[in-house]
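Dropping the structures in below, format is structure tokens.
Paired with subunit B in one complex and with subunit C in the other, subunit A is shared by the two complexes that follow.
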Partner chain A sequence: MTTTREFGVVGKPLARVDAVTKVTGRAIYADDMLLPRTLHCRILRSPHPHARILSIDTSAARRIPGVQAVITGADLPIKFGILPVTQDERALEHEKVRYVGDPIAAVAAIEEEIAAAAIDAISVEYEVLDPVMSIEDALAAPRDERIQDYGGPNNIHKLVALEFGDVDAGFERADHIREDVFFFQGNTHLPMEQHSAIATYVDGRITLWSSTQVVHYVHRALAKVLELPMNRIRVIGAAHGGGFGGKTDPFAHEIIVCKLAMMTGRPVKCTLTREEVFYAHRGRHPVLMWVRTGATRDGQITAMHFRTALDGGAYGSYGVASTFYTGALQTVTYDIPAYRFEGCRVFTNKPPCGPKRGHGTPQPRFALELNLEKISHELGIDPVDLKQRNFVKPMTRTVNWLRVTSCGLDECTERVMTASNYRRRERRPGHGMGFAISSYLSGAGTAIYWNDMPHSEVQIKVDRGGVTAYCGAMDIGQGSDSVLAMIVAEELGLQPADVRLVTADTDTTPIDLGSYSSRVTFMAGNAAIEAARKMRGMVVEAAAAKMGCDTSAVEVRGGRIGDFTFEEASVLAEARFGTLTSAGSYTPPKLAGPYKGSGVGPSPAYSYSACVVDLDADARTGLVHVNKIWIAHDVGRAINPLLVEGQVEGSVYMGLGEALMEEQAFRKGLHKWPSMLEYKSPTFVDMPEVETFIVETDDPEGPYGAKEAGQGPLLPVPPAVCSAVYDALGVWIDEVPVTPEKIVEALRRKEKGEPGRFGPTRFPAIPYPPTIKVEPPPRDLPSAAPAAI
Partner chain B sequence: MLRLPRFKYLRPKTATEAARMAAEFGPRAMFVAGGTDLFPKLKRRQFEVEALIGLDFLPRQIHGGSTDCVVDAGVTLAAASSDNHLIESFAGYAEASGQVSSPPLRNAGTVGGNLCVDTRCNYYDMTYEWRKAAGFCMKKDGDICLVAPSSPRCWAVSSSDTAPMAIALDGVVSLTGPDGERELPVSALYRDDGMDYMAKQPTEVITSLRLPADSATRTAYVKLRRRGSIDFPIAGAAVALQFEGDTVMRCRIVLSAVASYPLEATAAEEFLKGRKVDAETIRETADIAAKPAKPLDNADLSHFWRKRMVRVVVEQALQRATTRNQGSTVKLLGRQPD
Partner chain C sequence: MKQEVLREVQRVVLNLDVNGERAELLLPVHKTLLEVLREDMQLTGTKHGCELGECGTCTVLVDGRPELSCLLLPIQLEGRAITTVEGLASGSELHPLQQAFAETGAAQCGYCTPGILLAAKSLLESNARPSRDEIREALAGNLCRCTGYAKILDAIELAAGRMA
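Let's turn to the complex of A and B:
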């Protein structure tokens, strides 16, 4: 719709609006805030993975001079949780603890050291229960008792079974069928900034500044647990040092500082230690996967059956959604005519898993890409060709009712193939290249809790020539504030620096569901366009009246509205209309298919990526050296190419970490290495060169045609690494992280004449419910069709 | 947030004064140089002290002479790794200094501090809270070893990168105690004990490291770690070779991160002496060198794999040392900083 238009700022690689404050250390993060009389809070956490609490004695802690308040679970008994169906968390547990790190008590003291000493002085009597530390354990009957009292049987949290089209017939039609088992290890977000929150209680009102991705959900959880009306609580997103999904749940410490502020009448602050961030977690689920794919001789997929088992940790978090996500997006890249998905999430005595960049989809993407790669080798077809033959087409619906609009898979593939010279790659021992693709949502089509409100709203106020945009969206470092400023500037003919932003404040900004599921540019962006166009209409109308011409003759560009500066025109408009405000909102089209569980997967648009990894792998040591990565990403339109490249490269970094080293590992019930030095993640120095290609497909519904860029490009990296390792050494590592030990072991097996492979060998028996059979939709989507299906 | 505990900071002006302060405070005080090892451990309450005795008076010069090279203990690792004299005459030492931790930490960490760096174990290098949950071990607050529960001793790993090289080079440290000065070969500076790992008196300050010069010595340090950017060694080999013609006359091979002290591979040294260096000899030497290494499950990656890798680092170090003066360098393992 906007292809022919000439843009003022859209498409320009402008510096972020907050670049200077961030790099000069002037941005105020929650931990930087020190209000007068601030008390410091520390939290006592469980040393046992699974135990009943028999008693808590806080008397010694209360006697320590400087301690102002001590609370336990009895003070905050109401349960909360991000999903309405899993309200299973307490800010402090007083009955039972479910992982090492589960919060039990909290202290507010005049100094953090005193709070820490007081925490150490609290004694808790436990009845230690048998911990459940693996998927297999969780599926079996518990030796003591179940971790949660819902779900089941045993420690199963959620079971799903869906079938689209006739899968049995699809397999019958296949010339070739292949089954594989894969494992994707859990890992964590590792944001630079540790979670931090500070609360005040003044005049009967709570104000909380927090490092969160979603002020709105924190607001709701506080109202519920503190039993206060929403209008007595204000949540403000402080400057943000990174989330990646790890700050998308409401957290215990956020509730605790509010409660302590209410009790003491003083500001209370809590900044988690790095170790506690590992316990707050909500990171990547470890997922065991089984996939069976049928294909014709020439590599056309005829059917797919996909099973997943997610190790959810101790609480629900986003887990129900995560479970569905492990089965939802397989169909968005490859045209699968018949598809069955069976998913299962279990509870274990580990920190809860939740959404991490790519939420529930990097794991199945890993399995899917490698499964197809293996099929192509067996059929003697080039893996890139085989995949390409099955690419979905733009303007179609998938077998599981997902609507695909723009799709740049072919172009992305072409770009990385050409640049990397993959097809004519150098053949030397230990050298390999691997290719993979992926797709991700540009915002979830349905909200986390059922409601009919728009998903994002933007208000604009123009006053004395100044433009202020208000939006609930939280800039978590991805640059959403800059995108909002660019959009408003674009519509009003200004520069981003001319736009003041007020974001992520539940008192002053309208609703936005937050920074997760890659939704802000798409949804807040569309809302901003609507609001800005209304504002532009008023300013233009006032200018036209003064100029004595038609509004269509008024040019808006370069800081001018027709014959006037923007400031002059806005004064004219204010005189004409009174206070100048406008609003826009965005509600995604109703896209969910006619079945239970269809709320997870639909998105107004999907981004696409293709990636080639070039590496050397040493057969003797198993050490891998990544030489270079080429990645092309279909972002629809790059509103700011600099930010898009940043997101793509950041995703590649994170994907490489997951592929090669990151591991949320446990030993004797404890997180093995909750420290930034011991939990291995690549640093700047460890990063290979990354060449990024931005592909623009001009999505019909995206703002200026834009789609997401923050998560999708992570997904192809782990499978591309594994296929490059296979290319280099002829062994399959069917699980991540691909550590040197695994490579050496796979090579040893190969030498002994066993399959040259490292990875899980079996998928456990899971009591999936009867399969819900869903009739597939008509697959073609006429380009003129209305949004909704 | 993890905070530093409160402590007194003492600022002596000389090594003798520092040593006397240490004698006065006993175990309630520690020396601090760059603080890169000490401060994180204070935050994690692995050390609990009343006072820190600052060593910022230590000189920071590298005195390259015709016979010896004396490196003051206060020299930073960044300075040592980029010093022309060290690079030319003691390449392996410069190489080892340049591979300690990360660029910012090398700007602060010192040569003296690196020789004294605490032994490591992933049951021990954790916060107080974690150790309390895991159960304290004998190295701090507890009485058993969590890695080898039936063992009466601690197996924490010697993790200094420069100590093995200093030993291979016959390095000697100057020590100042409350009552005087003495010299001690670096090879006598350590004990085979994860807890009480230094053989010097706790009151003694290392003031310098002397490396006896011999222009014919060829050296190399090869370090294995997950990330070339920041990690401690999980295996490492320091070698120093002297040749007569093609024949090895003198040979030192010292391993890092495979025992509680820098482990000298004496059998391998004996084997290599008097032989010509070729691929076959290197392989055999490395096999012998790797034998005494017994990594345990208390560091990164599996100890089985680490054990196998000892051979590889020794091999690579020998190759690197042998070929260094011929202009060729051996490609190091994994991704290394440029």
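Let's turn to the complex of A and C:
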């Protein structure tokens, strides 16, 4: 789909299509909706991290005037979960609670205060169980009982062991081998908008408006739990106040408001409090990592062995996928000829972890970049040189069968090196610069549940010059509506404002799997191109017939189709063809390798980033002041550079927050700081200047060559920060967040003659299963062709 | 106990001046300005992120000064001029700040945008050409999770230049 023609709107830094709606406060988010007779819902949540429920008494709550319905788990017994293999959640738990915040009962009342009072009036008798609060705890035999009744041994959820190529031989070939242990602390999305959902039940049909990233997956979960056919349920994505992965699971409150609407016959709304949002979580997994890398004297990687242990929280969520992701993408930036990955996810009595921007890959990226940096110091090679020597090449296949098409690693590196003057950086005490790279998917190559249907579909209707594009994609602020409008406008010779959009509505739009895994531009974008080109074909044919010329002579640009305005041409086409509709769809190529677990990692294209961080670190206080960040991102092609910059800057910001301050921590079973004041995130004054470089590599399969931009640029920031701290002070902080006390402690140890380092010292013994040995892909496989399965 | 409180809610009649329009409302005394704007006046442009005064999302102007509407009680505000995001534009003509936010991509999910627009308006009224650091200081109480703040700074500088 690569094209060299001049673009009309693609590549222009246009304002978002919803910009005016948003700056005037007219975008309608779920909590802004208040339908006539709406009831308000509040949810009773567990105060214990781990307990059996002995009894629930709702009689007092039911007696409160204004209370219309009270439900418990007995009313919603069917389990659900985002992954088919881990259907382990109930909308309301009535047998057992597994974290502080687990939902137990819900009330619908005429006022929110009455609902809150009713929640307080529900009495629950618990048998409190010993909570499991750490990876070490989860690996050991439970003192009371296991958190979930599947997985194992003990509180292990998932184990995986894969080997690609001959790893032992690779280590034998190495001149230098280094092992490191790292820890990446968990953190949360902290969207500015609290989750909210409002449902109606009219004429036997449910309609749910929700702050979700994935209307289709919510639709499926509702059908299952409510036992209704999908055609009786409509899920609409309301204006979205921020997701970052945190609204990618179907949530209890979404199911609860539907059930309460069915029972009361009235609209029911539930908006989570900020504290509840911390419990809804599904955020970054805390991951303990061990990495062993072998390299030749000149820094060529010969083998890598990577182990991860993920603290999953109380439920499955995306956890099986997250576990594979901690091992999948190491090979997509560095050419690793032999690679062994052992992963483990455990259950703990904390809010469930899931996908956060970069899903399962920022943690191993942190470990990988720092491990290679340490090797480079030991070999006396510049870390940038060592990494560059191992960069993957475009149009190749990795040892774990991932197909790499376009790859702008070299150019990204060059851009940030030159702009930051990294190689000739100022040397003064306390000042340092750090470098790291990364890669991310442009959409997961497989759906959450196995099926052969397209991952995205777009329909276009043209009527008297009016163009409407329909797509299930959800604009979560990243600008996917704008990208769709620009693509349709590009193909029809129009401006984005000429295209009306209907998106994220399971009744009126064809399927799109939703806004996760950075898939929308690539997948919905390709579907939109196909639909728009079919539509263009019809208006061009009608115009050509009227002009008496060949279709190839009809120019489509500037709002005109040959001799006619678009509106005139559309009337001609409607007269010729009848109702003007077209459709396009996108199904990713089958890219998975021939092994179990190969569904996690493949993507039709990978984005690449390189980053340099410049900071000052105070040896006395441990305080870090970031002066500037340079980031170059290979987005394939920037369909809208303004939006791409926004995604890159936002990713850098979020990565910096994770590197320096963001931390989802627990004490005695309780979240330490479920509030926006205590959960530290960067403010205006914390954020340094970010200089962004967009690198375009024109991906062969991306729409106009485009790839993802919304997640990848987060990944290099945490390791680049740690590398800069080492450059500044000569100590390694091998875990994030890099807080002042960790720096001071590392310096103190160094002064005492111990290793100048702060971080985990050992990786626990984990009963990994026997390693599945996978033959690397054959060399003669055409590199750009899909893998044979 | 909470149930007793519910029975004894005290209501008062208040006159509020919001965006230059006067409204007479019968309100429970404990209801916050945020709730009254959103629920009683249908001014849903004012958003909420924490309802504890931590995030700045619900910022409105009271007599031109930025205030957190989740921490204000309307009973304090009779005779004061309240401005929400709905009061920024003149008819269908955008305020220069709104125009600049739209052009520069300063609003992504748009949820923090109303509060930031109002805080920025107040800043520019007291300091027509603020430095980047002065903007950062003035907006330090408004969190945004999407933008990394960069395009918001660009937008405010652009608007300041146009308004000067």
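Basically, the second predicted complex is superposed on the first by the 775 of 789 C-alpha atoms of A that agree within 3 Å, B and C clash if a C-alpha of one lies under 4 Å from a C-alpha of the other, contacts with A are read in each partner's own complex, and residues count from 1 in each chain.
As a convention for this text, a residue touches a chain if its C-beta (ideal position, glycine included) is under 8 Å from a C-beta of that chain, and two chains touch if they have at least 3 such contacts.
Fair warning: this is a prediction, and the values are worked out from it, not measured in the lab.
Participant: Once the two complexes are aligned on chain A, which partner has more residues of subunit A within touching range, subunit B or subunit C?
Facilitator: The partner making contact with more of subunit A's residues is C.
Participant: Contact-wise, after the overlay, does A:Met661 reach subunit B, subunit C, both or neither (first, second, both, neither)?
Facilitator: In the superposition, A:Met661 touches subunit B alone.
Participant: Check whether A:Thr683 is in contact with subunit B, with subunit C, with both or with neither, and answer first, second, both or neither.
Facilitator: Both subunit B and subunit C are touched by A:Thr683.
Participant: Is A:Trp673 touching anything from subunit B or subunit C once the two structures are fitted on A? First, second, both or neither.
Facilitator: In the superposed model, A:Trp673 contacts subunit B only, not subunit C.
Participant: With the two complexes superposed on chain A, say which partner A:Glu530 touches: subunit B (first), subunit C (second), both, or neither.
Facilitator: In the superposed model, A:Glu530 contacts neither subunit B nor subunit C.
Participant: Considering only touches as defined above, state whether A:Gly622 meets subunit B (first), subunit C (second), both or neither.
Facilitator: Only subunit B; A:Gly622 stays clear of subunit C.
Participant: Should A:Val744 be classified as contacting the first partner (subunit B), the second (subunit C), both, or neither?
Facilitator: The first partner, subunit B, only.
Participant: Contacts for A:Asp180 in the overlay, against subunit B (first) and subunit C (second): which applies, first, second, both or neither?
Facilitator: Neither partner.
Participant: Go through the superposed model and pick first if A:Glu113 touches only subunit B, second if only subunit C, both, or neither.
Facilitator: In the superposition, A:Glu113 touches subunit B and subunit C alike.
Participant: Per the contact definition in the header, classify A:Asp634: touching subunit B only (first), subunit C only (second), both, or neither.
Facilitator: neither
Participant: Where on subunit A do the contacts with subunit B and the contacts with subunit C coincide?
Facilitator: 31, 113, 116, 194, 273-274, 675, 677, 683-685
Participant: For subunit B, which residues count as touching subunit A in their complex?
Facilitator: 1-3, 5-6, 102-103, 122, 125-127, 129-130, 132-134, 226-231, 300-302, 304-305, 308-309, 312, 333-335, 337
Participant: Where on subunit C does subunit A make contact in their complex?
Facilitator: 2-3, 5-6, 38-39, 44-52, 54-55, 57, 84-86, 88-89, 94, 98-99, 101-105, 107-114, 117, 135-137, 139-153
Participant: Quick check on the complex: what are the subunit A residues that touch subunit B?
Facilitator: Residue positions touching the partner: 31, 45-48, 100, 112-113, 116, 194, 271-275, 618, 620-626, 661, 668, 670-675, 677-678, 680, 682-686, 688, 739-741, 744.
Participant: Which subunit A residues qualify as touching subunit C in the complex?
Facilitator: Contacts found on subunit A: 13, 15-16, 18-29, 31-32, 34, 64, 113-114, 116-117, 120-121, 189-194, 239-244, 273-274, 476-479, 642-643, 645-646, 649-654, 675-677, 681, 683-685, 687, 689-690.
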